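Listed next: structures, encoded as structure tokens.
Each of the next two complexes has chain A plus one other chain: chain B in the first, chain C in the second.
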Partner chain A sequence: MNELQFLTWVRGPGLDIAVGIFLLGTVWRLFEIYTLGRRKDLAAPRRAAGASGLHTVFRRSLPPHGMLKRAPVSYIGGYIFHIGLAVIVFLGAPHIMLIANLTGLSWPGLPAQFIGLATVMTMAAMLAMLVDRINKPAKRFLSTFEDWFVWAVTFLPVLTGWLAVQHLLLPYTTMLALHILSVEILLIALPFTKLFHVFTLFGSRWHNGSANARKGVPV
Partner chain B sequence: MSASLEKVTQTLKEVIDAPIASYFESCVHCGLCAEACLFYTETGDPKYTPIHKLEPLRRVYEQEFTLLGRLKKLVGLSRPISDDELDQWQELVYDSCTLCGRCSLVCPVGNDIVYMVRKFREGMAVSGHVPEGIRSAAKRTVETGGPMGLKWPAVANVLRKAGEATGVTIPVDQEGADYLVLLSSMEIVNYPEYIEALAKIFNKAKISFTVASDAFEATNAGIQIGSSDLAKVIVSRIVDAAERLKVKYVLSPECGHAYMAIRWEGPNLIGRPFTFEVVHVLELLDELRQKGVLKMKGKLKDPLILHDPCQIVRRGGVLQAPDALIRQVAENYIPIADQQKWNWCCGGGGGASAIHTEEAEALRARVFQIKKRQIEEAGVGTMVTFCANCRITMEEGLDHYEMNTKLLGLTELLAEHLED
Partner chain C sequence: MQGPLIESLARQGVSRRTFLKYCATLASMMALPPAAGLAMAEAMAAARRPSVIWLPFQECTGCTESITRSHSPTLEGMIFDMISLDYQETLMAAAGHQAEEALHAAMKANHGKYLLIVDGSIPLGQDGAYSCIGGRSNLEILKEAAQGAAAIIAVGTCAAYGGIPKARPNPTGAVSVSDIVKDKPIVNIPGCPPVPVVMTGVLAHYLTFGSLPDLDDKGRPRAFFGETIHDRCYRRPFYDQGKFAKTFDDKGARRGWCLFELGCKGPVTHNACATAKWNGGTSWPVESGHGCLGCSEPDFWDAGDFYKALSVPAHPPTSVVAASVVGATAGAAAGFANRAKKNAARKARQPITVADLEK
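The block that comes next holds the complex of A and B.
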């Protein structure tokens, strides 16, 4: 297989397989999790301002009381790489074109230089998070193979995308094909690893928020 | 798999619900829950990371409820839980978790970790992986009526003495009273002043109340051990008495876990809503304050801080009353940085204070350092709280560090300053 055939494969059958597994996997996992149901709380509820599932969905995006000081790398690094990833995926011109081709929806992007900067910052933040995972006792203690694997699977699309745009290391076509392949691996891994938090975190925050809201505690 | 392990798995399968599944799926191993847990912050030992305390529960979830987990189990890629493992986890689930719920407040993906620990204890309880201290407290509560083995004649005696001291007779088994007053053994034995305070306040506010001879104990060791069956037996006594005496309200004592047990877990244990309202004593006092019934004279001059018991405030939702009430009687009340729902546990909640092994006691002393720091940073000689269990745990801590900090109960403090 030459590089062009490789690119054609990852753009065609490869993408179809990855998107298929991602969609089916996601639907299956969501079904598996949320059909377990929960028992109705029979205790008479109390009301309090700012306490509800929805409040918690939003509130947990901010560092809780005193936590920023205790774990600055987790919060600052976490913000930079999450926002960075969103900026790259949804505001990078080539990605918008891809989404337009797939769905017909389109919106204006950001200049390439800006996306380049966001990419470098995202990679720097992810490296800092990796070092933090190695350095912080609790984080290192919790880490399993999956944590290192998921880090790599998230980092590779960013790295290969950046290398492709910068025309570094490998010919553009090969690097682009590797970039798309790495995204496909990410898509396939997502429903079956901790990456699935991109969906379940909303349910988790909502459950926690609404259960505590019944007690009148904004959490 | 042994019969007892099968029982654990069965019990855990019953308690795992959509929230728990969602929580496990959301965890990204960020370790932030450790930063909220006094057992981690004070020891630096990563095994005390809250989410790690749930590892056996997580595996049961994965192996029983997810497609991939079932496949992994089939081909031997995932280890089933074992008795040895549960033995090892007993320390993590009981000695080093007070169900304080601070972790549930910080998890960035929103996991209610303490909710899961409470459920995990159900499995630990059916298989007997429970510290002796809590087990015997639960047994005594079921058999004799209270965790300290206190029987009614002794209680009646304390009530009679409180009546003599205050000049207010404490009614027993009186039908049609507004309030059924619950007590905790800890208060009856160690802080009878609480009962006197209450009698004075009820008398002043002209509210009718009664104590039930067959349901005076409010604490529920069944919940601390994690056994819903035992917890139901214990809570049913109160429900039966309240309904027989046709009271409008059941008054929970200061004790935090007692409040949690009757107010929030109670209706879920018996499977129906209550026909009466459960009120925490501070909620009642704050209501009386707002109505102008609770008038104070003179104020305590000593600079002091407040210790908010977890189960009443963070987990119980009595958020505003304590602050409003302490300001009535304390001239130099100093609000601390981590207050109200952010307060740090005394280290003895969730049944932990009933565990008297050398290791558990040493660990409790160690984590008390966080309270020590709070007291020292505020530079006060007095701390006020409103939970008999917190108080006794903190008294042990103060003794251990040879501190001469004075500990006061909020309700008593209010009663002392009540206008005649």
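The block that comes next holds the complex of A and C.
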């Protein structure tokens, strides 16, 4: 298989397999989670007013008092790489092409240099967070295989995409194919790892917020 | 400078100065040092006309057209005067048995020394019956001719990689020259058709240095195939700025913006079109407003839609509906299983009362 055939495979059958597993896993887990249900709370609600669910969705994205100083790498690094990923995925011209092709929706992109800058900042933030995870004994102790694995499958698409655009290490065709392959690995891993927070994050925050309000701790 | 070629060029009105300029350009295109231009001119001018046998197999004659059919006589065409083209079905006056005799005479007289040029793929299906010359299959003729060749030049994507005849489902069982000949040096000059100057560049290199130029991992001369179309494209700045033509007749297309979104395969295609251009440097596909098809890459015909950007799926994902249905079914089944488990746990529950504890 030459590199063009490899690229054609990841754009065709490879993508089919990855999208299939991604959809299967996502639909499965969402169905399972939402059919689990919660036990009926028989106690009278202590306070039901306000929109605690909605507030919690936003509040949990802000560091609690004093935490920014205690864990600056986690918070600042976390902001940079999450926003960076969103900028790369939703404002990079080739990625908008992909979204337009799959959904028909499209919007203007940012210049390649700007996306390049966002990519470098994202990778720097992710590397800083990895070093922090290795260096801090408590974080290292709490880390499981899944944490390291999930970091790698998130980092690889960013790295290979950047290397492909900058024409580094390997010929562009091979690097582009590796980039698409790494995204396919990410797609396959997403429903079955903590990366599933993409779908469950806001729902669980909402649930916690409204449950807390019912118990008398509104936000 | 003296020799058969320079005299023949002079007869056709090409001055020594023009010839030297041409050789200098050729040398610089092949990334050779400046002195190589003069060496090339001297060697080519004085060259003893090497015998060249050109075998056309399963092809469309586009490669021959590319090299010979320019609107005015070109130096590329005239360089052909310096070789002794002993057999070329399309160009030779002889036909039938006479042509076959010429082929065999040239092969015998120059055994081990002649250059073999092949264009077209070789069909292996039906014992090679899909393409025969004089009742003999292409495979048989190639094997025989390759035996006495000093080197083989596979001209065009068909000869180099199988090309369009090899495209799925490959009804004739077409293969490339390098799939059959393993024991001779082979230079691939892919392209559909290939750029003429690449052909003369390789010939000039062979005549000057007596060896074949440096090749990449796909057997192509690095000097011409070392970089991608995209890297040398004059529209590249628009790609970097994120300015793309969305259709072939919109504002972006009229302003000459990047054709990536219209399916240009420039980023994955290695060829010299962007630098050497076509029709005597007049233009080339991207300059004329159409994206690159990737014709100098192996299996370009099966590498997805010509008009789809490289970053989008080759075809709409086929697994979407099936995967969603299976996922929903599995999720629902898991939901029922969880519910059954909860109910069972509830039934099996044995509450402990204060009375139990006081026993």
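As a convention for this text, the second predicted complex is superposed on the first by the 211 of 219 C-alpha atoms of A that agree within 3 Å, B and C clash if a C-alpha of one lies under 4 Å from a C-alpha of the other, contacts with A are read in each partner's own complex, and residues count from 1 in each chain.
What we mean here is this: contacts are C-beta pairs under 8 Å (C-beta built on N, C-alpha and C of every residue); 3 or more make two chains touch, one makes a residue touch a chain.
Predicted, not measured: the structure shown is a model, and the values here were computed from it.
Colleague: Chain A superposed: clash or fit between chain B and chain C?
Modeller: They fit: once the shared chain is superposed, the two partners occupy separate space.
Colleague: Figure out whether A:203 sits in contact with chain B (first) or chain C (second), or with both, or with neither.
Modeller: Only chain B is touched by A:203; chain C is not.
Colleague: Between chain B (first) and chain C (second), which does A:70 come into contact with in this model arrangement: first, second, both, or neither?
Modeller: After superposing on A, A:70 lies in contact with chain B but is clear of chain C.
Colleague: Which partner does A:29 reach: the first (chain B), the second (chain C), both, or neither?
Modeller: The answer is both, since A:29 touches chain B and chain C.
Colleague: Draw lines from the C-alpha centre of chain A to the C-alpha centres of chain B and chain C: what angle do they form, to the nearest 10°?
Modeller: Reported to the nearest 10, the angle reads 170 degrees.
Colleague: Which partner, chain B or chain C, is in contact with more residues of chain A?
Modeller: B
Colleague: Rounded to the nearest angstrom, what is the minimum C-alpha distance from chain B to chain C in the superposition?
Modeller: Between chain B and chain C, the shortest C-alpha distance works out to 6 Å.
Colleague: So which bits of chain A does chain B touch that chain C touches too?
Modeller: 28-29, 32, 35-36
Colleague: Can you list the residues on chain B that touch chain A in the complex?
Modeller: 16-23, 25-32, 34-36, 40, 44, 46-47, 49, 51-52, 65-68, 104-112, 115, 263-268, 271-274, 277-278, 314-317, 319, 337-338, 341-342
Colleague: In the complex formed with chain B, which residues of chain A make contact?
Modeller: On the chain A side, the touching residues are 28-29, 32-39, 41-44, 46, 48, 56-57, 60, 64-67, 70-71, 74, 78, 136-144, 147, 192, 194, 196-197, 200-201, 203-209, 211-212, 215-217, 219.
Colleague: Give every residue of chain A touching chain C within the complex, in rising order.
Modeller: Residue positions touching the partner: 2-5, 7-8, 11-12, 15-17, 19-32, 35-36, 93-95, 97-98, 101-102, 108-113, 167, 172-173, 176.
Colleague: Hey, which residues of chain C end up touching chain A in the complex?
Modeller: Residues of chain C touching chain A: 218, 228, 230-231, 239-242, 244, 260-261, 267-268, 294, 297-300, 302-304, 308-320, 322-324, 326-328, 330-332, 334-336, 338-339.
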